[in-house]
Amino acid sequence: MTSAPSSEAFAAAAAGVIAMARYAGDRHWVPATSGNFSVRIDERFAAVTATGADKANLTEADVIAAEISGPKHPRASAEAPLHLVRYASDPSIGAIAHIHTLPATLLSRRHAAKGALRLDGWELLKAFTGIKTHETALDIPIVPNDQDTDRLAALIEERLGASGPVPGYLIAGHGLYVWGASAKDAIRHMEAFDFLLTAELHEENAR
Amino acid sequence: MTSAPSSEAFAAAAAGVIAMARYAGDRHWVPATSGNFSVRIDERFAAVTATGADKANLTEADVIAAEISGPKHPRASAEAPLHLVRYASDPSIGAIAHIHTLPATLLSRRHAAKGALRLDGWELLKAFTGIKTHETALDIPIVPNDQDTDRLAALIEERLGASGPVPGYLIAGHGLYVWGASAKDAIRHMEAFDFLLTAELHEENAR
Amino acid sequence: MTSAPSSEAFAAAAAGVIAMARYAGDRHWVPATSGNFSVRIDERFAAVTATGADKANLTEADVIAAEISGPKHPRASAEAPLHLVRYASDPSIGAIAHIHTLPATLLSRRHAAKGALRLDGWELLKAFTGIKTHETALDIPIVPNDQDTDRLAALIEERLGASGPVPGYLIAGHGLYVWGASAKDAIRHMEAFDFLLTAELHEENAR
Amino acid sequence: MTSAPSSEAFAAAAAGVIAMARYAGDRHWVPATSGNFSVRIDERFAAVTATGADKANLTEADVIAAEISGPKHPRASAEAPLHLVRYASDPSIGAIAHIHTLPATLLSRRHAAKGALRLDGWELLKAFTGIKTHETALDIPIVPNDQDTDRLAALIEERLGASGPVPGYLIAGHGLYVWGASAKDAIRHMEAFDFLLTAELHEENAR
């Protein structure tokens, strides 16, 4: 049913995966080989980091072409379902990054019971695609952590379906998923989240 | 009426813009493609970062020659007016940087209602041109954030006209504008603000 | 009795020592020439940083082949016994790093009286070999500091024998010892400890 | 009376000055062109950074040979007396660094009224020449800031004469002076102070 993507299409997507991974690695956002990254190839496939890869030193050999709605790829990481369901749910998503920044890990745990973290009034909210003014209150969903990633993926899609449009979500005590139309947009969104969550962490500690 | 600057004069000013942008990019002061930079070319023109440029990886093609008091340049960013009115108001200004450091963003928001942040007694105040002793109290103006940058520019010039001489001002929840006689001076002032605002943030959190 | 390791086996182990030392040096985890590193060569020998070496700029000449259970090597550092007893006690250990990260130094001192620091519920606990879920509570032993490293080594082995399996321990006001099956695993464990201890430090300060 | 140092002796000392300055610049310890550095050439001369030099990008042309007890060098910086009196007072000093680290600036201001900051019980105290155990309490003198550096130098020598041996002192709201037998020792002492003062700052904020 599915025809495999061309090697050119795969290589272009893998380059985006590597760009995101190196950027995150240089900023220490994927500590201890954590994190994973993907870029949509077409409506059926996405390039995704393979299980066990060192994300800070990624090469094309560490990237696989995974079917978005097909059977699991033998080298898919445990967290691949969390990427693939997003591509299936939202055709505007072109790239996804999962990173473990310290503020994301801390705030997601502290606010887990509330189910969301509000980002409100910061100019840098405008770095997220579609936001035009700092007079915006953005509720970033937080879901509880779960080692069963198929169950977790289903819960997340349910939560995201019920919320307004957001550029990412938090998993409690775990980290951040963030996406964009392209790898470049996802990188900008990673950096915006890092800044905004660090700012929120400072504000909380000062209260 | 206005004669365009020579290509040599533009190139020299653009080099200053790029130097400021790269310096700020390396220090993570322009997160998520935020920030903008300018250098005065002469009494009529300034070299300014164009809209949409990635400030951390700026090239000369990302810099435009904007008329200080003329009609808007088609590639001018939304924040260009905040640069241009400063050149029109103060002939001693040769370069301007707008950056989003974390302490500038946090302190500008916390102290917005007071309208100013006092920097007082630090030796590093002497890094600002014209300050000769640590026994100085410098009140940095804070203005509320506003997406209408023409209205914001008018408010800022009014506030700066009423204050003593300062090397910069804060926009609440947004960031810092800082200037100097040259790009080199503006870089030194950026670094001094970063140090002093980080110090103030620590002092507040310790109180 | 003991036959010296081959130069190939020594060179391979020394390369692992240097990789750990440079990684830690780049992250500022061995301030002021502190810290030391080792890799097991075989059941009788380990490659260990010599006394006085600058760990951030280590070369093979700064690494010695020390007998695990034999007499002290003339160029062994004062902390070499803390490495060697670990290799003697646990045949699964292939590499050991001793680093002075700020959170390790601070938390080890604050919690010295309790004798352990609990790490609980973080996804990044899974970076430690053998841990499969964030629903894990890991008690990292803390021992008091002691300039008599033979006495300290004996106390540590007693404490570790009484605890469950752990990837490292803390010395109060001093730093962290961390190990793994290989230099690569020890590097991943260093990075996981840095993240987790930084997270715990933030949580304590927020309480 | 005084014979000028040979060009070889000057070049060797200037290389030490540049090594300290670059090290400090890379760590952001000389913000906004602050800080200064020196290395003793012989009993009569020291190589010192000239006034106005950018310490993070220092070259030999930015270093002067200043007489330790002679008339002021025309290119000496305002803070040169603080270096030269130390060489005159203590023949064991071979190199001096003046840096503006954030913890040094903050703690020196907070504890100015007490006149000293105690560093106590940390293993890293052993990085200072002559300290053999963490069971050491080191009182680092703090003097008030003063733009009259001749008067300040006299006050500092009086305070240091009355205290036990120390590797440095603090100027309130200003920064740190630190020394060693060589540029290498002074670099190690800078790094030890940075670690220890950062640790103390965390401990204070947690109290």
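Here the chain labels run A, B, C and D in written order, and each chain numbers its own residues starting at 1.
Just so it is clear, contacts are C-beta pairs under 8 Å (C-beta built on N, C-alpha and C of every residue); 3 or more make two chains touch, one makes a residue touch a chain.
Given the structure is predicted, the values throughout are model-derived calculations rather than measurements.
Engineer: Treat touching chains as neighbours: how many steps, at the fewest, connect chain A to chain C?
Structural biologist: Between chain A and chain C, the shortest chain-hopping route counts 1.
Engineer: Starting at chain B, what is the smallest number of hops through touching chains needed to reach chain D?
Structural biologist: Minimum step count, chain B to chain D: 1.
Engineer: Rounded to the nearest 5 degrees, what angle rotates chain A onto chain B on CA?
Structural biologist: The C-alpha superposition of chain A onto chain B needs 90 degrees.
Engineer: If we define chain centres by averaging CA atoms, which chain lands farthest from chain C? Would you check?
Structural biologist: B
Engineer: Chain C to chain D: how many Å between their CA centres?
Structural biologist: Inter-chain centre distance comes to 33 Å.
Engineer: List the centre-to-centre spacing of chain A and chain D in whole Å, with centres computed as mean CA coordinates.
Structural biologist: The answer is 47 Å.
Engineer: Using the touch definition from the top, which residues of chain B touch two or more other chains?
Structural biologist: 205 - these are the residues of chain B that touch more than one other chain.
Engineer: Is the chain-to-chain touch network here best called a line, a ring, a star, complete, or other?
Structural biologist: Drawn as a graph, the chains make one closed cycle, so a ring.
Engineer: If you go through all the chains, which pairs of them touch?
Structural biologist: A-B, A-C, B-D, C-D
Engineer: So in the complex, the part of chain C that touches chain D is made up of which residues?
Structural biologist: My answer: residues 31-34, 100, 102, 105-106, 109-110, 145, 147, 171, 173-175, 201, 204-205.
Engineer: In their complex, what parts of chain B are in touch with chain D?
Structural biologist: Residue list for chain B touching chain D: 121-124, 127, 132-135, 188-189, 191-192, 194-195, 198-199, 202-203, 205-206.
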